[in-house]
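As structure tokens, here come the structures.
In what follows, chain A forms one complex with chain B and a second complex with chain C.
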Partner chain A sequence: MSLPKPMMRGLLAKRLRFHLPIAFTLALTAAIAFKYTVTEPKKQAYADFYKQYDAVKEFNAMREAGIFESVQPTGK
Partner chain B sequence: MFRAVFRLSASGARSLTRSRPCYSAPLASRCYSHGKVETDEEFDSRWVTYFSKPDLDAWELRKGMNTLIGYDLVPEPKILDSALRACRRLNDLASAIRILEAVKDKAGPHKDIYPYLIQELKPTLTELGISTPEELGIDKL
Partner chain C sequence: MAHPSQLGFQDAASPVMEELLHFHDHALMIVFLISTLVLYIIVAMVTTKLTNKFILDSQEIEIIWTLLPAIILILIALPSLRILYLMDEINDPHLTIKAMGHQWYWSYEYTDYEDLGFDSYMIPTQDLAPGQFRLLEADHRMVVPVESPIRILISAEDVLHSWAVPSLGVKMDAVPGRLNQTAFIASRPGVFYGQCSEICGANHSFMPIVVEAVPLEHFENWSSLMLEDA
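The block that comes next holds the complex of A and B.
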């Protein structure tokens, strides 16, 4: 039984033509998914935290805790 | 802005691959806008002639094979026949068997190519007394 001649040229080109668009799409999807599930929530969390942030109140709390050298707690 | 980029690039990448004709053209041709594209037959006969040179030296044999293996194709039986005869002229049995191993590897996942090549080369292999890697048991690790 004699074997027929198979396709012997352009095998890589054929494979790439199929897989390369898929690869690029998947990579792009992964990047977009990461952006919207990780970086945006993180940025939002920071924004929310600092929206109601009172720097002076935080400073006074730290001052009372006695961690500064340049300024003493109000008691002393 | 990112959504626009995504839409553009996804469709752009696909249309790029579709509009480029050189993807399915003979591998050895570069994508020139000028210049003639070499046909498969011209490519094959060029390589058959290369290996048919009577005073081909060992370096030229190795160089030819390495260049040939670099292309996106499995060499035709007639090119391999010419290369195997060159190995015979150079008394290089090792390279002859290595050529068979190389084309089997070039076929990659396409398991129907190598048996076809051996079938076509059988007369030459018998005439020149070249054993296949399978006959020698060196095809298994």
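The block that comes next holds the complex of A and C.
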């Protein structure tokens, strides 16, 4: 009784055909994940910050806290 | 200013710095894409004993690994050049300030209307008031009006220096005998810190830059007071 001849060629190519699509998919996933967990939230955070930003109110709060040297807190 | 264990950029206080932040995120996304691909391939290659000694060439793979990097480089270059030209635009500044680098302090001149000039020395550590920042505070701050385009002309009186404020996205070399120009808009009121960014001698680390952005009326009051004191 003889065994079937094992596959002896193209083993590396087969490994590459298996792993390269996974590699590209993983790389694209990493990039998309970074885009939607870091890049887009950061853009949105800046947009939201300036949408509600009241420069006068913030300036007055900083002024009263004594942060500025060119402007003293009211009452000084 | 920077805070301990900070990894990324300081919060942007000017439109240009916001653009630089977003571009950095875009470039870093591409870096993660390439690094993940390369790392996976390295691990796959070192965890096998399989080899192929008979590959001579392959037109298909050559085309792929030429075209893909070219596309990636174009995807990086286009936003990069956009920001580069954006940073070069100086549209009708409201104010021009001269910043001169010396060993080891900065001097600022506001000469648009009157002759206002003053020196800005670092406050030594032993003279700091509670709440002030070590190696970052200066005795006289460069005060500017908020939300106004400001042109800065930068030069030096002795050796090379560099005027840099990270949160405003500004850095420009101060070269003796040369006048460099840059501009910024402070998007919000506040105090923004920077440090000399070109080695200039023993006290290179001890000549900070402090920019104070306040509403226009307070800027005008400050400049009148400074002129009276001078």
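Going forward, the second predicted complex is superposed on the first by the 70 of 76 C-alpha atoms of A that agree within 3 Å, B and C clash if a C-alpha of one lies under 4 Å from a C-alpha of the other, contacts with A are read in each partner's own complex, and residues count from 1 in each chain.
As a convention for this text, a contact is a pair of C-beta atoms (placed from the backbone, for glycine too) under 8 Å apart; a residue touches a chain by one contact, two chains touch by 3 or more.
In this text, all values refer to a predicted model and were calculated from it rather than measured experimentally.
**Student:** Between chain B (first) and chain C (second), which does A:Ala13 come into contact with in this model arrangement: first, second, both, or neither?
**Tutor:** both
**Student:** One more residue to check, A:Phe34. First (chain B), second (chain C), both or neither?
**Tutor:** Only chain C is touched by A:Phe34; chain B is not.
**Student:** When the two structures are overlaid on chain A, which partner does A:Phe24 contact: first (chain B), second (chain C), both, or neither?
**Tutor:** Once the two structures are laid over each other on A, A:Phe24 reaches both partners.
**Student:** May I ask you to decide whether A:Lys43 touches chain B, chain C, both, or neither, giving the answer as first, second, both or neither?
**Tutor:** second
**Student:** Look at A:Val71 in the shared chain and tell me whether it touches chain B only, chain C only, both, or neither; answer first, second, both or neither.
**Tutor:** A:Val71: touches chain C, not chain B.
**Student:** What is the contact status of A:Ser2 with respect to chain B (first) and chain C (second): first, second, both, or neither?
**Tutor:** A:Ser2 contacts chain B only, not chain C.
**Student:** For A:Met62, using the defined touch cut-off, is the partner it touches chain B, chain C, both, or neither? Pick first, second, both or neither.
**Tutor:** The second partner, chain C, only.
**Student:** Between chain B and chain C, pick out the one touching the greater number of residues of chain A.
**Tutor:** Counting residues of chain A touched by each partner, the higher count goes to C.
**Student:** Name the contact category of A:Tyr53: first (chain B only), second (chain C only), both, or neither.
**Tutor:** In the superposition, A:Tyr53 contacts chain C only.
**Student:** Can you list the residues of chain A that meet both chain B and chain C?
**Tutor:** 11-13, 20, 24, 28, 35
**Student:** Contact residues on chain A for chain C in the complex?
**Tutor:** 11-13, 15, 19-20, 22-24, 26-28, 30-31, 34-35, 38-39, 42-43, 46, 50, 53, 55-56, 58-59, 62, 67-71
**Student:** For the complex, which residues does chain A have touching chain B?
**Tutor:** Going by the criterion above, the answer is residues 2-14, 16-17, 20-21, 24-25, 28, 32, 35.
**Student:** Please output the residues of chain B touching chain A within their complex, sorted ascending.
**Tutor:** 2, 6, 9-10, 13-14, 17, 23-27, 40, 72-76, 107-108, 110, 112-113, 115-116, 119
**Student:** In the complex, go through chain C and note every residue touching chain A.
**Tutor:** Residues of chain C touching chain A: 12, 18, 21-22, 25-26, 28-30, 32-34, 36-37, 40-41, 44, 48, 50-52, 141, 143, 146-147, 187-191, 212, 214-215, 218-219, 221-222.
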